[in-house]
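These are the structures in question, set out in turn.
Both of the next two complexes hold chain A, though its partner changes from chain B to chain C.
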Partner chain A sequence: MIVETVGFAVVAVVLLASSLAVVLTKNLFHAVLYLAAALVSTAGIFLLLASPFLFAVQLLLYAGGVVTIVVFAIMLTERLVGERIAQTSRDIVNGAIVAAAVLVAVIGFLVQAPAMTPPATAVAEQTVAIGKALVGPFAVPLELLGLLLVAALLGAVYFARAED
Partner chain B sequence: MGLHAYLTLSALVFAIGLFGVLTRRNAIGILLGIELMLNAVNINLVAFSRFTGDLGGLVFSLFTISITVAEVALGLAIVIVIFRVRKTVEADRLDLLRG
Partner chain C sequence: MTLPPIAFQALMAFIVLNAILVVVAYVTLLERKFAARMQSRIGPYYVGWPHGWLQPIADALKLMMKEDVVPDAADRWVYNLAPIVFLVPCLLIFATIPFAPGLGVADLNIGVLFFLAVSALEIVGLFMGGWGSNNKYALLSAMRAVNQIISYDLPFIFAALVPVVLAGSMQMSAIVGAQAGLLGWFLFYPVIGQLAFIAFIVATLAAENRVPFDILEAESELVAGFRVEYSGMKFALIQLAEYAHMLGTSFLGALLFLGGWLGPGPAWLGPVWFLLKALVVFLLVTWVRWSFVRIRVDQILAISWKLLLPLSLLLLMASAFVVAFGAGHGA
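So, the complex of A and B:
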């Protein structure tokens, strides 16, 4: 129990710090690297929540795939600009007020909610169960997801293709 | 750790992401903020799945992650096209549709 608490504290601090760095750092490339740190620490949260399968998915798809794509996009636009992408922020006060208001609203709901205790054991054979669910009750959404991915990637290739 | 700890952490990350979306000028920076917000949603889904013992949350967050990857690929392709046409990805200067 104490291990879980300490682990949660460490991962939460890393997650919050890197998230803040993502929205505050001036250099866009550094922001992407901090985003990678935030995504990896989220994977750590999944591990704490006894979901090793999602831990792997998060690392492979999110931290691996998304970060790579964003880095490529930055390199493409930066090279074309010919100047460093030093990004600035605007309306910091207004943005902070809106974000804080949303945070207060959500926390307001949370403090009213009753505390829940987790079941003693997580879902047994989690990966097997997920696999069976994906080809059982979730088969149609899974096929639709495949269709969406094909459409999205075809669209991305079509948009970003070299001009001829 | 209670469910509240995870939900509070997720709310904090969501608020940080929202702040980024509202304040960033660069379109790619805005996309990074959206990533943070979606990530916070995934924490919620997995936490509820763990605390209710329901597999649905895990499957749902699996779908969310996949859809996010598609969204990022498409969003960045659009950013590159915008850059090619307008020579900028500053959100303030992309006001072609402003009335």
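So, the complex of A and C:
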């Protein structure tokens, strides 16, 4: 239990610090690296919650996939523009107000919730359970998500088509 | 064995890590000897008798004593951190590989997925190095790397998932268990097995940035790619990471397709068989590397998106059909 608490504290601090750094750093490339750190520490939280499957998927899709694509986008646009692009924080005050409002709402929910729910008993075959759920009760939402992604892909192709 | 599980795991991790480092050092010698023979040379010969067997140790000592140069214009933090970020995933992938029944750091029930997920992190270190060096060659190389990895990660994953589907488990020991018996290896699985193995090898070549897919370190265009500014121990770490990843992928290939530690003889021969099979996969990749020339960027992308990705997806679907409707030897 103590190991878990200390582990959670460490991961949470890293996660919060790197998330803040993502939005506050001027350097776009550093922002991506902090984003990678934030995504990896999110994976760490899944690990602390005894969900190795989600841990691996988080690493594979986010830290491996999303970060790679964001880097790709930055490198391509910098080459197109021909100069380093800096991250600006013009609306930092408005953003802070919105973030504070969301934080208050979240804390409101947490206050109403029972103080400590007992940790869910670990499912023995969690991976199998997730797989069965995805082809069973959640089959239709899964297919709809696929449809959404295909639509997004088609949209990207439409925007990227050669002008004629 | 009366050790508590966590102590046993820590001990295994220590042993595996050190064994891997030694094996990786000698794999470089193996590759150099192999390449030399293919080109009618002798290869490293003078350091250590017979046949220059001390060469890797001499190389390591030399690299440790070299001056560590940091370019003035480099992004210091990113530049210095990159080799470490590059190395850690390459060593972590060995965590789930069992070298014999019960002989491994952690035989997770998501073993294969863990391997794929952790090795996907390698790219972060790579573009950190390419970008942090603040060098045109390094940056171009990193761009090409990102390009290539986006294209070849999916075929690699799909090809590796074929044995997973056939075995009905992501646990490495269960996958080996499903390949027991004469011609039980997934390589011998009719049609699907061979095609999946070919797709796996091609995707491995690309993922390891080896000729014919080594556009990101193309010597004639980019000097040495993203590592051009690195020297001394940092260079050594990058090389170490690349070979460790290559070796880890060879182990994965031997485990998924060649039946892991299964083989004739007593049980204690298991790790030996496994190592030999992994070396066969490694030499197969090396053989291709020293036989072909580099191909163009557009050809690399075309091979991935137009050939390898549809093929591996088809194989995955075919194996799923076999398991669902046929008499597959899986679940």
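Brief remarks follow.
Assume the second predicted complex is superposed on the first by the 154 of 164 C-alpha atoms of A that agree within 3 Å, B and C clash if a C-alpha of one lies under 4 Å from a C-alpha of the other, contacts with A are read in each partner's own complex, and residues count from 1 in each chain.
The rule is simple: a residue touches a chain if its C-beta (ideal position, glycine included) is under 8 Å from a C-beta of that chain, and two chains touch if they have at least 3 such contacts.
All values reported here derive from a predicted model rather than from experimental measurement.
Once chain A is used to superpose the two complexes, chain B occupies space next to chain C without a clash.
Residue contacts after overlaying the shared chain place A:P52 against chain C, while chain B stays out of touching range. With both structures placed on the common chain, the touch criterion links A:A139 to neither chain B nor chain C. Shared-chain residue A:L15: touches chain B; no touch with chain C.
Of the two partner chains, chain B is the only one that A:L153 touches; chain C does not reach it. Within the superposed three-chain model, A:A96 lies in touch with chain B and out of touch with chain C [touch as defined at top].
For chain A, the partner with contacts to more residues, out of chain B and chain C, is B. In the superposed model, A:A113 lies in contact with chain B only, and not with chain C. In the superposition on chain A, A:V6 makes contact with neither chain B nor chain C. Using the contact criterion defined above for the overlaid structures, shared-chain residue A:I69 touches chain B and also reaches chain C. Think of it this way: put the two complexes on top of each other by chain A, and the tightest Cα contact between chain B and chain C is 12 Å.
In the superposition on chain A, the residues of chain A contacting both chain B and chain C are 53, 57-58, 65, 69, 72, 76.
Residue ranges on chain A touching chain C, taken from their complex, read 29-30, 33, 36, 40, 52-53, 55-60, 63-65, 67-69, 71-72, 75-76, 125, 127.
Remark: chain A residues 4-5, 8, 12, 15-16, 19-20, 22-23, 28, 31-32, 35, 38-39, 42, 45-46, 48-51, 53-54, 57-58, 61-62, 65-66, 69-70, 72-74, 76-77, 80-81, 85, 87-92, 94-96, 98-100, 102-103, 106-107, 110, 113, 115-119, 122-123, 126, 129-130, 133-134, 138, 141, 145, 148-149, 152-153, 155-157, 159-160, 163 touch chain B in the complex. Taken together, the chain C residues at the contact with chain A in this complex read 75, 78, 108-110, 113-114, 116-118, 120-121, 123-124, 127-128, 131, 139, 142-143, 146-147, 149-150, 153, 157, 170. Partner chain A is touched in their complex by these residues of chain B: 1-9, 11-20, 22-26, 28-29, 31-33, 35-36, 39, 42-43, 46-47, 49-53, 55-56, 58-59, 61-63, 65-74, 76-81, 83-84, 87, 89, 92.
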